[in-house]
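Alright, structures below, take your time with them.
Shared between the two complexes below is chain A, which has chain B as its partner in the first and chain C in the second.
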Partner chain A sequence: MKLKDRFTDRVFTLGGSILLLCIVMAIVFPNKFPTIDNFSQLMLNLSIDTIVAVGMMVLMIAGMFDLSVGSVVAFAGGMAGYLMYYHHVNFVPAIMAGVAGSVLIGFINGWLIARVGINPMIQTLAMMGIVRGFALMLSGAGIQNFPYEYTVIGQSKLFGLQMPVWYMLLVVIVFAYLTKNTSFFRRYYFIGGSEKAARLSGINVEKMKVWAFVISATLAGVAGILLSSRLGAALSTSGRGLEMRVITAVILGGASLSGGYGKIWGSFLGALFMALINNLLILSRVSGYWQEVILGAILIIAVGIDQLILKKMEK
Partner chain B sequence: MLCLNNISRSFPGVKALENVTLKFRQGEVHALCGENGAGKSTLMHIISGNLQPDSGTIVLKEQPVIIENVLQAENSGIAIVYQERSLVDALTVAENIFPVNQPKTSFGLINYKALYANTTALLEELQLSHLAPNTVVGKLSAAQKNMIEIAKALAKKPAVLILDEPTASLTHDETEVLFSIIKKLKQANVVIIYISHRMAEIATIADIVSVLKDGVLQGTVAADTPVDTIVKMMVGRALTASVFSSNTTGNVLFSAEDISGKGFSNVSFRVHKGEVLGFAGLTGSGRTALAKAIFGDAKYDSGKMFMNGKPFRPGHPADAIASHVAYLPDDRKAEGLFLEKSITENIAAVHLDTTVYNKKENERLADGYIRQLSIRTPASAIHVRKLSGGNQQKTVLAKWLSADPELLVVNEPTHGVDMGAKAEIYHILKNLTAKGKGIIMISSELPELLLLADRIAVMYQGKLVKILAKQEATEEKLAALASGIL
Partner chain C sequence: MYKGIVYILVLFLFSCELPPRSGSSTAGTTKGEKKFITADEVSPDEEYVMVTTAVNLPLYVNHDQKAFLAWGKKTAVKVSILGPSEWDVPTQIATIEQVIPGKPAGLLINGTDPGIAQVIKKATDAGIPTVVYDSDIPNSDRHCFIGSDWYEMGRLQGERMAKIIGGNGKVACMGILGMENMEAGFNGFQDALKKFPGIEFIGKYDDKANVETAARITADLLTANPDLAGIGGFDSNSGPGIALSVKEAGKAGKIRITTVDAEPEHLALVKEGVIDYLVGQKRELFTWLGAQFLFDMRHKTMPLSADDASAGVVPIPQTVITGSIEIDKNNVDQFMQ
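Now for the complex of A and B:
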């Protein structure tokens, strides 16, 4: 890859910024930042968001997005918790039910968007409310006292890192590989590039769209199971605002709202960057309220710089 | 009236215009020609205030002016009809024609009564009185939109009117209407700058012709100068007129029996191996609807189709591709290309039915076709947005050739393509027939149908009126059949 191309490749520029940020933080906070504990906590914090962000990246490559993922996170955990706590269902079928419910939600989203033609923003906004309602019904004020086998999924450690971190890395690596090397996932870049031209090139755009929503909702469901297992509780408020955080991460990671662009590693780096900023603010004892202000400003700056580079290149 | 003195403008790496001096007089139709990239667009953008010259002056009505932006150009009476549409589909005809200068009531609100009256008057002048001023533009055909675009420019009552390829999507009749309007404007002493690729048109409507090549003015000559001379000025060499021999065989490749669908009805025809079957007709005569049905992009209601003798019922373009049918759409930018993707990826778009995405193989394919079709590009990784119209069209062709079709349906294959690339596309198509491929060629350019087609089918209001053999077809006959006269 040429240097100029590198400079416009978000995975490269964002990766560089992260490295720079880490070095600065290591110098400023030598005792607090570069420690195993801090690193492990940081990775754990971003693991749930990243798993959801991978699915969102697939959607955004195809030029769509899903606002219902945050509700799905709460729903999947609530569903599994409800079955285990009230009906004493074994943890395996409980997890399967939680994920299956998420798959169904994704399918309904995708089917209505692709086949009926409802706008993704409207469809998933409505589904966000509907699913949040179901999550409330399932988990009420919250469900606790899960079986040990369930909590061990999210609370055990491997090589000093919490399990959710490993699941996240697995999801990122697998999807990065698939989006690069399989025709199935490459089709999303073409659909995002031009839906009409994609159809006229023989791509079944409708079917692919349904799949994209199913994939995204499935990953959100898995994330929901992991979150409730890690917390040892299913809360109806889980994943509130997660959809916006995830979309922010994905856009920081190089996706565009009109589609056609983006890499899976970008979604991980976007989430990592946000987690680092968060970490920096905590270490510098900045009030939590500032966090949202600063993240918003960073998003505007990142996308603004992009537009300026684009304009410069066109001239 | 409008003088350009020693205008130069360069972009990084290219001198788009070099010391161009042109005089445009009132009541004169001044044609500008040149191949794509010759500097016509840059010149037009400078006159209309979109771009500023690096050096040189513009003199309008004896006054030196600096045209800083489009608004200022409009206030100076310069109106332009762009090749790309500037209409909003969701708004009405009247609102599109008067986007800013609507008549106001005494309260300062839009006076719809006057707005519609003004629009109706304009539409009548353009012989579009069958359109109501409150028709939503999105419902209009491509040709009608083009006429609305012209109405929009006329509404400004311009002193200078620039027309950029105004007839590219107009049919014969509408072109006639446009020409009669141009003649009226001439009498009203308007300066008319007419940009076109079509030599026959220039001879008909223009008074004088200026030729640009690589940003340099080659000269200004009378419009009745022989076409060969003008073409020679444009390309720097004489183009030999091509004559193609027929490659058609007796073996039927594709047949349609009494098919009907949205926009066409009871159409029957055959395409033989190695044959080019031309389709003439006006915009909206059902040619594109028929092509889309053959390609599985639109449903058809009744009738039968056969490919190589086997029943053929495509429900989706993917089915058609699997039966070795390909379709080159008329709207290259919206339907044919992925503008923000590379040539390689554009070709890869029809190879996504495999499990593994084979990047190397696609690159090999792309490099092969760049050479074979002489697509002029620095690399296969270049985004196709940056290519010229001709090279973009060759990229779409490359995509389809890589899918190895037996029947290629091409819709306006040389629309907006310069003369050099046109000739190349003709050769590419003809070479395919030599390999036994069948081609259905929809075109509004009768000379190209007469040049390439072995037989020409004419459609009128959704019906296939007649199929003429090459020997019996003439431009007059085709135009008459297409207008429902014969």
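Now for the complex of A and C:
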């Protein structure tokens, strides 16, 4: 890859920014930042967002997005928790029910958007409310005391890192491979680039859209199961605001709202960058008042700089 | 190649560290035997961290945070306030997790949800003196809980509501559904009303701690139930929202309102005669005392043995209920300063 191309590649520029940020943080907080404890917490905290961000990246490559993912996270954990706690269902079918419910939500979203023609923002906004309501009904004031086997999924450690970190890496690697090497996932780039052209070239755009929502919701459901297992509790408030964090991470990672662009590794780096900023704010003891202001400003600056570089390179 | 994959999988399997079973201890200690970090000298660098959710909620800013900052100034130690700006419990948990490796002198944690129990356990496992305030998280291994009894607050509201509507009529309530403390409050409210057969409880509603939502729900309730007698509120914004809608409907004084908290807007509405009764928490008190407990624990202010930290003795109270403040038109002036 030429140097010029490297500077227009968001994965490269964002990776560089992350490296720079890590060096600065290690210098400013030598006792707090470059520690194994802090690193493992940082990775753990970004794992759930990243798994959801991978699904969102697939959608955004195709030129769509899903606002209901945060509610699906709460729903999946709530469904599994409800079945295990109130109906003493074994943890395996309980997990399957949580994920199956998420798949159904994704299918309904996709079908109504692709086949009926409802705008994705309106459809997923409405679904966000509906699913949050179900999550509230299932979880109530929070469900705890899960079977031990269920907590093993999210609380076990491998080489010092909690399992959600490994699941995240697995999801990122698998989807990075699939989007790069399989014709099924490559079609999303065509659809995002030009839906009309994709249709003319024989791609069943409607079917692909339904699948994109199913994939996104399934990953959100898996993230919900992991989150509730990790916390040892199903909370109806889980995933509140997650959709905006994830969309921000995906845009930072190189996706375009109009579709056609984006890499799975970009979604991971976007989530990592945001987690680092969040870690920096906590280590600097910056008040919560400022955190959203700073994260919003960073998004504008990052995308702005990227656009400027892109324009210069095009000249 | 397959052999290699099998080797890697076996290596992974044997490297996997399972979480402790419920009831089993961490590092060979039980709840009472957990070691905690102490210090003889007070250092100006020692830091006490408050972690909450909805960090910019006026109720928290004007009471908890104000008292905590004042305590830090008086005690001449560093105090920090962290947490998400929205009501976002997982982010509160993530914040605590990122604070723990820095080993602050003490953690003052708002007991927002039972789901934070595990991270509190993590903090006490790390030896950090940890006090939960406002609402208790009983299975968390916290060193101390100091705060309010929400069931009792609900019961007080229910009893007053029954009294002011003469034991007859339709009553509803609202707050944040799904929150452990508020659900306890709803239960207390309903249990008190059950003693009056003439009262019909028509339901609890989720106002999402939002004034506009509380007002909209109230307007809908008034339309659907023209004979509604009273509404109870359970979050800081319930009362102002209910009052707004009742005033707009021209039914101030006819629809009786009880609610929690005693912010200036609540007090003004009591003075105006729109809200009948407030049950407030002693927030400054439990925040101040909670911080002081952390300090006392770290600096062995009141030792109960030769070395409490080694003996497994927690030298502060396990549970402190600070009680409630009841306000109505008879004493509202005392609070309007």
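In this section, the second predicted complex is superposed on the first by the 308 of 315 C-alpha atoms of A that agree within 3 Å, B and C clash if a C-alpha of one lies under 4 Å from a C-alpha of the other, contacts with A are read in each partner's own complex, and residues count from 1 in each chain.
Heads up, the rule we're going with is that a residue touches a chain if its C-beta (ideal position, glycine included) is under 8 Å from a C-beta of that chain, and two chains touch if they have at least 3 such contacts.
Computed from a predicted model, the values in this text were never measured in an experiment.
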item	value
Superposition on chain A - do chain B and chain C clash or fit	fit
Contacts of A:Arg199 with chain B and chain C, given as first, second, both or neither	first
First, second, both or neither for A:Ser183, with chain B first and chain C second	first
Partner contacting more residues of chain A (chain B vs chain C)	C
Chain A as apex of chain B and chain C, Cα-centre angle in degrees (nearest 10)	140
First, second, both or neither for A:Val152, with chain B first and chain C second	second
First (chain B), second (chain C), both or neither touched by A:Asn45	second
Touching partner for A:Gly260 - first (chain B), second (chain C), both, neither	first
Least C-alpha distance (whole Å) that remains between chain C and chain B when both complexes are overlaid	22
On chain A, the residue positions that both chain B and chain C contact, one per complex	none
Chain A - residues contacting chain C, complex	32, 35, 37-38, 41-42, 44-45, 48, 136, 139-142, 144-145, 148, 151-152, 155-159, 227, 231-241, 278-279, 282-283, 285, 287-289, 291-292
Footprint of chain B on chain A - complex, ascending	180-187, 189-190, 193-194, 196-204, 260-261, 315
Chain A-touching residues of chain B, taken from the complex the two chains share	12, 295, 297, 316-318, 320-322, 327, 329, 334-341, 345, 348-357, 399
Contacting residues of chain C [partner chain A, same complex]	12, 15-19, 21-22, 49, 55-56, 80-91, 93-95, 97-102, 113-115, 117-118, 139, 177-180, 183, 206
